[in-house]
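The structures come next, written out as structure tokens.
Same chain, two partners: chain A is paired with chain B first, then with chain C.
The block that comes next holds the complex of A and B.
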């Protein structure tokens, strides 16, 4: 059975397409008088073309800043509900949140709370990453014992050994340096180019209203 | 707070996070969770403070300041843009109201479209074009043969690695074109090498932080 598209969805798609096209054209052509020749009106034309892009960018920044506030309000509401249903850990989260806000109101700009609590937890979590990464690397060999798993582990071991400041390992350090400069750089560039191409495709799909999530 | 109190709190919190390594032991497992919940609550509060003091408040002050103008329209347009942004944000909040869903969906689509426009142009100008330029740029012919060879190898490697992303199936069901298979295998090897190098660099960075944390624990514990 064919379903007719809902009016809301098509209106969202049309709005997205129009606003997105204006933003792309304005950001692409605006503030670039060289595109319009050497005439006297070229600069004014470029400035006028940049206008909608500037306004839309500023609007986006304010909406994003407000959406951060909404996101935090949502997090707090969720944890208040969880605390009411007897989950005490949510109380820890809420009290640490209230503690920081209260601290900031009473002692604005005082960094000791950040230094004593936030930074140690962040550093300890980043330090834990080392253990989990090494464990994950070891698991690759047991779970995926093919040529690619072996190559991956070999590269990891070589780069780690190459970073050791031992004169006995100088040949490995030289090879590891070459590995980082040529093959790893080529692979990383291809990955970055792939990400850029993927971002452009996803962006254009969103602009054309093809992406369902972009239509709301 | 005295320096000792700060160090004691840091010491306790570091141990609480490291208790994750002990696994799922009774009582111990709660220590890591408490540290994680404290971290999330504090991060949310700091994000809110920074969002308000560094974004919303300056935007509001700039919108009212006649000496500052966001666009070529002049400063009188700024409060209108600020008001429109507030209206957009309020309409986004109306998403759960079924009757007004079309309105909040349209606002969401507009916001996503502006973000997509910025993302597309950013990827094009910030990543794709500079990377392509850096990849295809070869050193001058009078440069030493080593750097010329290196640039050529990076160019060929990048092309082969990009080729390995291409999904290809022979419609007749026969064997794939042999040179293509070789290129794809070399490309895949280069991508695995890059991922391995990134993985090792991440291990090295976190190892540095782990060393610093362990040194702190020993220093304070002693």
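The block that comes next holds the complex of A and C.
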């Protein structure tokens, strides 16, 4: 197999490894002056070691903020092209964009667009999600008619009933509360543990060049 | 194993098909390109070989379809994806699109060849074809129509709508009890939340992180509004922060609405003193970390030109941290990025119902994460507790609010706002009929009560930007021909150094120590006591100073703003801030939630019962 190394990818991998290593070491050491003993000297050393990590994080902040600007420019360019090729919906997007900018310039601080248009629309979409979830919930056993489907359905119904403020359903509310506090809490903590372990694994893989999510 | 798959992805141009210019409505149709798999280079392994040689995960973890594909490739010892995936290249090559003569998009139908390819792809990936979904059907007149609406879904939607609407029509359809007026017993974390905000003393700062999008505004706005009013009512000062750009705008609107409504009752909430909206924190968790590390500069930058500002240097200047979020990830970001360096300060959260399980795992597992409020029911209890604490008469329920909107005074925000104002004892003159608060900043009276200065306290002249056309320019000299030096916003206050000859321009001190000129047309002058000491603290902490001295020597130099105090809301008037909140339809909304939940239980139970009976019937 003829494998030809690519200079760009190699450079990016080396850069990623170096930057990541410097940032991790800098932040770890800078946040733990006790590693260097007691006294003002140790504190000063830790602070100096933290500088590269802080600087890299700030650089990242700037790049992230700048990427929003690039993203907007890219979006506009794309839709101008699409409009030129006859796609009228891109014109709606562009005119909306210009309208919002113009509105803000003409009426600074006027919140009508956000509060009177976008908020109701997003709230309505969130409410529609409720209908979709209920419709999906009503078909659980249609798609999966086994013991797990039945168990899932029972839990959904019991938790919903337990959330109702009806005194007649107090026993169900007790059981529902137990479900939320014990099994659901256990699952939530497992998820949090998984997130933490996953973050470490992803970080190590990125440092070792196994993951190059940004082609870096 | 190589990771270069580009030869699999790059399409070959169809050389035999010249580009034709489309005319008329045909140009709006999607242009389907013929895609062919690139010829496999001799030195590259095929997809089957990649599967055969894969070693990243155990084979048992692979999807069954991939396992079958791998077995198929091993049987024939093939190393070409076109052999492994029989006929996949033909399936991926689309024949010409068949169109109706009219040429509109809705008239496009799959040709027989295309349908055959869909079936082939379906077979390759092991999926199930469902002819009832996603395909166009032709009516009697030959016109293509979309598939018929899903009848069960329509029924469920109608059931939900009916149940949710009933409480607004009649109080006869309002089952269940409203939340209690005190959650001290059944929810200690909610009680801790209330107690923390209630323990604020005049002048204390509370950081309020508004981290929810507009989709969750209906659920969380009430909690944010109540928390902010609670802070103001106790004499505290709210510092709002967010790493969500939409939430930034929404938080600004929320605080502006509170300020404007308070102004109508003669209460002044001053931007930069009673509250401060920090600039948007880009980068999610990184933005929060930056706030933690660089609090002083973010606060100063957010104040813009106002020298009369909050003497904030570090996150530990906050008495408490409060996060209002619709996602457990946002709670996690604040817990991980802000709490470790917040000293003894404690974190409290208000979340949506969906974010509760993960947020509760944090609140029960982390020492300095103490309180949690969840959803609208908690907001109702919170409001009732605030009403009781500030001696406000509870509003009577108005079950027919929607049915008879004329019962509300024209222009009032809440259906019962005016009655509350009229009924409750008020330390300040309140309007008998509350006009609808507009977002146009209301010109504030110039004779607003100012605390009587102590004899030893010097008075300083300030101007407050009152122009509705905000922002206004601060210029190098007393003329509009001069270059602009900075911006000031409505509500900003600036210390006056001098005036020009005809007093048409004020020479003012900006937050960064610069001197500038602002037109007298856009400001109102006042005298206030100069009570706060000047701060010589340049940065959040020692590390911050070190970083700034290295990277920002010019921008963040030695010049510091003078921190001064202007009038605070008088203690006697603070209850009015609670009183002025919007309460329209609280009870009806909660009852609608109850009815909606009942409808959901009915739909889920009946739907699944029918499915179970059907399944049993099929099995004989």
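As a convention for this text, the second predicted complex is superposed on the first by the 206 of 216 C-alpha atoms of A that agree within 3 Å, B and C clash if a C-alpha of one lies under 4 Å from a C-alpha of the other, contacts with A are read in each partner's own complex, and residues count from 1 in each chain.
As a working rule, a contact is a pair of C-beta atoms (placed from the backbone, for glycine too) under 8 Å apart; a residue touches a chain by one contact, two chains touch by 3 or more.
These figures come from a predicted structure and were not determined experimentally.
J.: Does chain A have more residues touched by chain B or by chain C?
T.: Tallying touched residues of chain A, the top partner is B.
J.: Using the touch definition from the top, say if A:167 reaches chain B (first), chain C (second), both or neither.
T.: In the superposition, A:167 contacts chain C only.
J.: Who does A:139 touch here: chain B (first), chain C (second), both, or neither?
T.: second
J.: Can A:75 be said to touch chain B (first), chain C (second), both, or neither?
T.: Touch status of A:75: first partner only.
J.: Name the contact category of A:179: first (chain B only), second (chain C only), both, or neither.
T.: first
J.: For A:197, is the partner it touches chain B (first), chain C (second), both, or none of the two (neither)?
T.: Once the two structures are laid over each other on A, A:197 reaches chain B alone.
J.: Regarding the shared-chain residue A:39, is it in contact with chain B (first), chain C (second), both, or neither?
T.: Neither partner.
J.: Which positions of chain A sit in both the chain B and the chain C interface?
T.: Shared contact residues on chain A (touching chain B in one complex, chain C in the other): 47-48, 50-51, 54-55, 57-58, 60-61, 65, 68, 112, 114-115, 118-119, 122-123, 125-126, 130-131, 134, 137, 153, 156, 160, 163, 180-181, 184-185, 187-189, 191-192, 195.
J.: Give the list of chain B residues in touch with chain A in this complex.
T.: 1, 5-7, 9-10, 13-14, 17-18, 20-21, 33-35, 37-49, 51-52, 55-56, 59, 70-73, 77, 81-82, 84-86, 88-89, 92-93, 95, 101-102, 104-124, 127-128, 131-132, 134-135, 150, 153-158, 160-162, 164-165, 187-207, 209-210, 212-214
J.: Spell out the residues on chain A that touch chain B in their complex, using ranges where they run on.
T.: 6-9, 11-13, 15-17, 19-20, 23-24, 27-28, 47-48, 50-51, 54-63, 65-70, 72, 75-76, 89-90, 92-101, 104, 112-131, 133-134, 137, 148, 151-156, 158-160, 163, 179-197, 199-200, 202-204, 206-207, 209, 214-216
J.: Any idea which chain C residues touch chain A in the complex?
T.: Residues 2, 27-28, 43, 45, 150, 152-153, 156-157, 160, 175-179, 213-218, 246, 249-250, 252-253, 256, 282-283, 286-287, 289-290, 293, 332, 357-358, 360-362, 364-365, 377, 439-441, 469-471, 489-490, 542-543, 546-547, 550-551, 594, 596-601, 603-608, 611-612, 614-615.
J.: In their complex, what parts of chain A are in touch with chain C?
T.: Going by the criterion above, the answer is residues 1-3, 30, 43, 47-48, 50-51, 54-55, 57-58, 60-61, 64-65, 68, 85-87, 108-112, 114-115, 118-119, 122-123, 125-126, 130-131, 134-135, 137-142, 145, 150, 153, 156-157, 160-161, 163-167, 180-181, 184-185, 187-189, 191-192, 195.
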